[in-house]
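Submitted below is the structure of interest, expressed as structure tokens.
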Amino acid sequence: MSQWLQPSEWLWNVKTDQPTYVHQWVKQLSAIEGKPDLVVYGAPISRSSISVSGASLYPNEFRRLWKGFATYNLDEDADLTDLKVADAGDIVMHTTDILLSHRRIEEVTSEIVNKYSESITSMIGGDHSVTACAVRGVKKVYPSERIGILQLDTHLDVRDPADLGPANGTPIRQLIDEGIVRGEDIFNIGLHGYFNAKPLIDYAKQHSIQMVTLKNARKAGVVESVKEALSQLSEKVDRIYVTVDMDVLDISVAPGVPASTPGGLSASELFDSLLVVGKYPSVRHIDFVCLDPSKDSPVAETTKTGVYAWLQFVTGLKLR
Amino acid sequence: MSQWLQPSEWLWNVKTDQPTYVHQWVKQLSAIEGKPDLVVYGAPISRSSISVSGASLYPNEFRRLWKGFATYNLDEDADLTDLKVADAGDIVMHTTDILLSHRRIEEVTSEIVNKYSESITSMIGGDHSVTACAVRGVKKVYPSERIGILQLDTHLDVRDPADLGPANGTPIRQLIDEGIVRGEDIFNIGLHGYFNAKPLIDYAKQHSIQMVTLKNARKAGVVESVKEALSQLSEKVDRIYVTVDMDVLDISVAPGVPASTPGGLSASELFDSLLVVGKYPSVRHIDFVCLDPSKDSPVAETTKTGVYAWLQFVTGLKLR
Amino acid sequence: MSQWLQPSEWLWNVKTDQPTYVHQWVKQLSAIEGKPDLVVYGAPISRSSISVSGASLYPNEFRRLWKGFATYNLDEDADLTDLKVADAGDIVMHTTDILLSHRRIEEVTSEIVNKYSESITSMIGGDHSVTACAVRGVKKVYPSERIGILQLDTHLDVRDPADLGPANGTPIRQLIDEGIVRGEDIFNIGLHGYFNAKPLIDYAKQHSIQMVTLKNARKAGVVESVKEALSQLSEKVDRIYVTVDMDVLDISVAPGVPASTPGGLSASELFDSLLVVGKYPSVRHIDFVCLDPSKDSPVAETTKTGVYAWLQFVTGLKLR
Amino acid sequence: MSQWLQPSEWLWNVKTDQPTYVHQWVKQLSAIEGKPDLVVYGAPISRSSISVSGASLYPNEFRRLWKGFATYNLDEDADLTDLKVADAGDIVMHTTDILLSHRRIEEVTSEIVNKYSESITSMIGGDHSVTACAVRGVKKVYPSERIGILQLDTHLDVRDPADLGPANGTPIRQLIDEGIVRGEDIFNIGLHGYFNAKPLIDYAKQHSIQMVTLKNARKAGVVESVKEALSQLSEKVDRIYVTVDMDVLDISVAPGVPASTPGGLSASELFDSLLVVGKYPSVRHIDFVCLDPSKDSPVAETTKTGVYAWLQFVTGLKLR
Amino acid sequence: MSQWLQPSEWLWNVKTDQPTYVHQWVKQLSAIEGKPDLVVYGAPISRSSISVSGASLYPNEFRRLWKGFATYNLDEDADLTDLKVADAGDIVMHTTDILLSHRRIEEVTSEIVNKYSESITSMIGGDHSVTACAVRGVKKVYPSERIGILQLDTHLDVRDPADLGPANGTPIRQLIDEGIVRGEDIFNIGLHGYFNAKPLIDYAKQHSIQMVTLKNARKAGVVESVKEALSQLSEKVDRIYVTVDMDVLDISVAPGVPASTPGGLSASELFDSLLVVGKYPSVRHIDFVCLDPSKDSPVAETTKTGVYAWLQFVTGLKLR
Amino acid sequence: MSQWLQPSEWLWNVKTDQPTYVHQWVKQLSAIEGKPDLVVYGAPISRSSISVSGASLYPNEFRRLWKGFATYNLDEDADLTDLKVADAGDIVMHTTDILLSHRRIEEVTSEIVNKYSESITSMIGGDHSVTACAVRGVKKVYPSERIGILQLDTHLDVRDPADLGPANGTPIRQLIDEGIVRGEDIFNIGLHGYFNAKPLIDYAKQHSIQMVTLKNARKAGVVESVKEALSQLSEKVDRIYVTVDMDVLDISVAPGVPASTPGGLSASELFDSLLVVGKYPSVRHIDFVCLDPSKDSPVAETTKTGVYAWLQFVTGLKLR
């Protein structure tokens, strides 16, 4: 047939030898030769969210929009294609059995972390409940290691699972109460305003969670505060797990995150922070959660910001 | 203080002796004297939905918007305030334990049906999974009665619970497989187009579900078809449960129902049908499901249509 | 790796032996064994549109949304999987050379019509300029045949190419002026209201275009009028080309068509008409044009209507 | 300067000798030679609306969008340019003095009706409060004439001015209570559902307003019902004033009317009715009210429907 | 009945002994024991706005959304529940008599200020016309006091009431011309760009209004500029009235304020300023005006920003 | 007729002796007495855009919204009416012949630059393809002059015209390859993130385009960086052409620019830069491109930002 007839986009994705856009560069995990530098996988669940959320749609939208991003970071003059990035696909979620879905996230994370022990992992949520599962999965592989958490979040997420089950308001408390992570090994940067009820703040204080309010972070500089947190964590833990609840972003730049608020982080503050996070050697795992593409602005502002944020982390890896 | 200072709306709702709007007329269940003609209650769950749904928000929005509706039906010259309508409130749903939430719907329905045996009940969903729970609840009160179902729906909702759990695609199959309702005692009116996969149609045929396509319903007249279905059911069952999946409506009039489709029922066809349904003596229970106010048009077209639909049923009751 | 890790949607599309949804059933042209009953291909151009249009995005969105449609037509009890449908992909358009893009549409259409002479073709536009190209392409293969056109459209599309070039307001005039189709062999059904300037109506009258206003069509019944037009055409032409400008639909059901108007065709009228069109033996080619997904409602009402419309035509083919 | 530089749209509007679009045809009142057949003028006030309304923006949007309409009615094969239509501009409204603004509407209407006694007048509102002013203005010119009103409306608009002042819920009651129009000389077609509180219905009955519910209108045919109303009015009154509250339209076709409801008139029913209204000799005045362009759909569906409706009336005039 | 049946939200609001969210903490004025620290009341009028505005809807939306805010300010580690906050409800506005509505605002403000002379008052508008009424009300209680105004606003609001009546563009001029406040006692911070016509600037200069452009405010620091203004005012006036026209915010963070503009205040600048304002002893009254929830973004960004802003002021009070 | 009847806005624009708003101040070119200080003209083409764009609608919307801007810059205390600004109207574009349209832009620019050699010119696009045409037009008038370009843009726009034709991704490369401007004489400020593929960066480096990333610009200060670029250019070129691709703005402040991205310029940074640009003597020409009003937010945030940006440039001129 005519050279002018091309299979349409839904049939497959064009592959090239010299990838210049993200979708041409990221390879399916099974197609990677050698060890990937980074494994990305999706945990598309949001029925565990307290309020209605379509964050389960994010992994797919994330990949759909990364086609609009080049593989070259102009600010850092860095060519990302030097890194091998593998897409492991999405974890299959059960339609109604939330506990089963959560167990699968834990198991799959264990498998990936075990098999690709030298790779960095980045999980794309889903609501914040997935973080507890993934950290548990990491812990299973490294039971004797001490895991630290850097949490970029407007909320503490220490609500009581006894009330809510393993909902998206509870992951940090699950991990503390189960003894998987110590409160003192958790830094939360991004807290601000009126979005954590007093009993939750009391819990955080009792368990020595390191609460860095945005006001204080900005006094020292957000990037400096992130560096300081990573530095303090590195001194006492074996590996750092970073969890980015996209609701840490200000509502004006993240309309597509149901729980985003006024007074939050700017996109630039997040981008600069993730560059630092990516560079930091003891950071081994990262997740991005709670972005609901179905609530995004018509121009997909939030999802584009989500892809950009992930690429900043990747640029950091490249510059390690 | 000044007579010009009035408590604001969020503090309470004004009550009057001569109610002219719905919110002034419907009373809290505990405040009703004597037996209510109709009990309305909410089942605000939608995390059991296959696709993302905010139908859990509907019971509250339904009540918020009924303030815009008068208690007088001008077409029928009928004053609805002659009926006693009681609002029993909403069933408290668990955040992550779907099975527990479903059991509560079943139990509360049983309680209401048992205690107010002479009242008609109308449940406001929630996604379609709630129907299986409610019918089970009715059956528990009347174990020896034969229950018929009139389903207004674009879909058969007979997907396999073995795959999905008790999700919103499965309620009819749950009821048939559990022996609570016979396939032959179920009329589905509203089926059309390309929205039921062949295996589901095969299941429906095997279990003798009465499938009335919209095309055929319109040949006889939709209202006539509804009457005919009710008439046939009345001959063999003891009580009729009506379930209105709002996705039966055409997508142009029901943007706020995630599964609504082109080629569906018009609002008028639904309104006329519900008047007939309300009048029909053996109809004892009705539910309205799958309306997601968070996806509604800016002018709340779908929710207003939902309130109107419910009032048509109430008008029918009044005219019984 | 874990059975619970599945390649994500962007990587490929799941194929099954027993397709129940459209994307599982339609095959890539090169993968079809034997002769396809229907070939579908995209002509993604809309920079030839007089007003700003994103109709070039339609072929891709059309395919993305057909995943939500089952392969079984319940109204007609027809299993579409008996037909072989081949997707030939999209014609590659030049970024700025409109004439070149148009020539490619003509050439590719010729190739397909020539190579799959027994297949029906359905082209997915793009704006209405593509129709002139495609008809020219057909004519090139069958130079001695007389081609008739059934146009479902709110507009005559006989503006002067001398003024506008081959824009989307001109295709019918191009074909008449070039002697490819006679005015008398063109039926336009759907004309109504105030959307054709007098000089255009004068042109149509001079060239004996069969103008069937919606008002008159409804008097006889829209479906009957379509049948009558097909019947009259069949008596004098060798093959019928059907062009569906989606702006024939009423603005309330087709917000995603920039030129849709009040007073237009209902979705049901279009669906019923296309069933008849699909059944009609001398109909060999169809196109659907001017649907701009970027202007569609948040629930993609228009694109879903577009897929439904195409499936009605396919159902008609199946029932031939 | 270059012939290719043209003054931009905001500077002036192109005039041609052979107008084919509405803005080329309608002339400013001062530029009309001889007597106009129709005078159109705007009454841009909506701060008298009970609920928030931007109907004051309608006159300007109405004119901005009429550029998209041709001057030829294809359904009726009627060339509207045979009529002289004059645009008298908008009445200047005071920013906060509602009573003053209302008096100006009354005075200006009197002036126009007096000076152009042979012309038909069409006022573009504004909210429905303007109708009372305009009818008063007509009455001032013809104090001994008996004026009948045909009201196409979902609401009776007989709320008590003693409570609300001359708000948009009160115009009909103002006119009855002031003795300007008799209740029996008012036909309201379009009433339906649950949108008029019982005390208002009681008032209407007491004053013998002719209430034609949509249900009853449709039994006889909406157009027939309109004809019948006009016929009955003609027998007893000297001139008929028609007021079209655009909330008579169904919410699915009139999202840009704050008070539109489910179960309302279809666009076609309105269009067909206005053709009849335009043809009817004793109809001398018409207004269109309550359309709020700021709430319209992104494709301006309601405003386009408003222009179409007005053109149907004009077509009727042409066919008189 | 079952413990799982709870009255729905519209029936009442849950009260608890240990309030953790704003709606659980704010009490109705009549239910307060002892003297409230702060009285909040609504002035829901916006038909006095020059352009169409739904700011009348704000008081109710403000309260509806404060349910999403905790009573603990994490940045300041401050527990707001130490303060007694009373909600006095909304002032009843007349539907069409703007002057009467304005008098009621003046009277009710006088009553509250008089009866709760030790309380701070916060009025929730409404458009900016309400400020003139409220300041007049304060002046009536303290006729011999000198009142200073800190105005955060993009506009001077000194248009001429002789032209517009007491519209939202005129309140500051009303107060100056009536001798209630001296021009020199008014600081306007937030002025910028091209949003005040020259004659208004001339008026402001003639009356010595202290105009602090945003450019200059930012040079010194916005918070420092606010402090300086409060300090200068405190030296000469007896009490300070603060009026926050939400259009002072940049259009990117305040889409729900019809008159917001590019180049305006950031949310953080406003939040930081209001903390300072709340702390300042001579500030006795504050209002928030011109936020129109009907134009807000789908995620209610502006209304949430409005609640946050008010809470910052309250935090300031707590820290006094 | 009554003094209260005023011609409506579409008929003409009010002119006054003392203009206080932009539309009262800018005059049609033919109505200007003496030499204009600034000529503004529109190049309404966007079918040359790679992705779908309605930037062709911008010139008209730009003028429609400038009515909301006063002619006084409060930050600079500058009265713009001291300048003579002439509107030359829009260049007439051909519907489908892109090359012809481009030639007209070139020719008209030449004519204006030639005839008004002492005036500054500001062209309002249109997509970025228009810049190549306009610079060519300038060059034709001053063939021996060396032209420098300051480009504020997220993209390099050096894609290959051999592939795309003269599309909006190619103008800078056209000018370099044609020898009209040297790569070294082009400063691009605003580049950031992942939006330029590596081959384009390679081209830019080969041709010595001065790439100033946003990161580096912010280190020195964006305004300082702009000054430095202008200063360096001034030393070697005869005249500076400034092109502002509005996609340089962050997506959160420019939703109405299809190619805007996260991490872009803030509105304030752009406004401050344009003030400096306007002041700079060797800047003779400016254009603003790629703003698509049809994609703007409901409150027209981007278009308002576009008008503000242009006024900042004008303020700069005034302060020269």
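Which chain is which? They are A, B, C, D, E and F, in the order written, and residues in each are numbered from 1.
Definition applied: a residue touches a chain if its C-beta (ideal position, glycine included) is under 8 Å from a C-beta of that chain, and two chains touch if they have at least 3 such contacts.
Everything numeric here is computed off the predicted structure, so don't read it as measured data.
For the pair subunit A and subunit F, chains touching both partners: C, E.
Chain pair with the larger contact count among D-E and A-C is A-C, by C-beta pairs in contact.
Subunit A and subunit E carry the same sequence, and matching their CA atoms takes a turn of 120 degrees, rounded to a multiple of 5. Although subunit D and subunit F share one sequence, what matters here is the overlap of their interface residues, and that overlap exceeds half of the numbers used.
Mean C-alpha position of subunit B lies 39 Å from that of subunit D.
The mean-CA centres of subunit B and subunit F are about 57 angstrom from one another, to the nearest whole unit.
Inter-chain centre distance (subunit B to subunit E, centres taken as mean C-alpha positions): 44 Å. Shared interface positions of subunit E, defined as residues touching 2 or more other chains, are 252. According to the touch criterion at the top of this document, the contacting chain pairs are A-B, A-C, A-E, A-F, B-C, B-D, B-E, C-D, C-F, D-E, D-F, E-F. Listing the residues of subunit C that touch subunit D in their complex gives 191-199, 201, 211, 213-216, 250-252, 255, 258, 260-263, 295.
Per the touch definition, subunit D reaches subunit E in the complex via residues 46-50, 52-54, 56-57, 94-98, 163-167, 294. Contact residues of subunit E toward subunit A in the complex are 20-22, 69-75, 79, 252-253, 267-268, 271, 297-299, 301, 304-305, 308, 311. The touching residues of subunit F, counted against subunit D in their complex, run 1-13, 23, 28-30, 41-42, 59-60, 63-64, 87-92, 104, 107-108, 111-112, 115.
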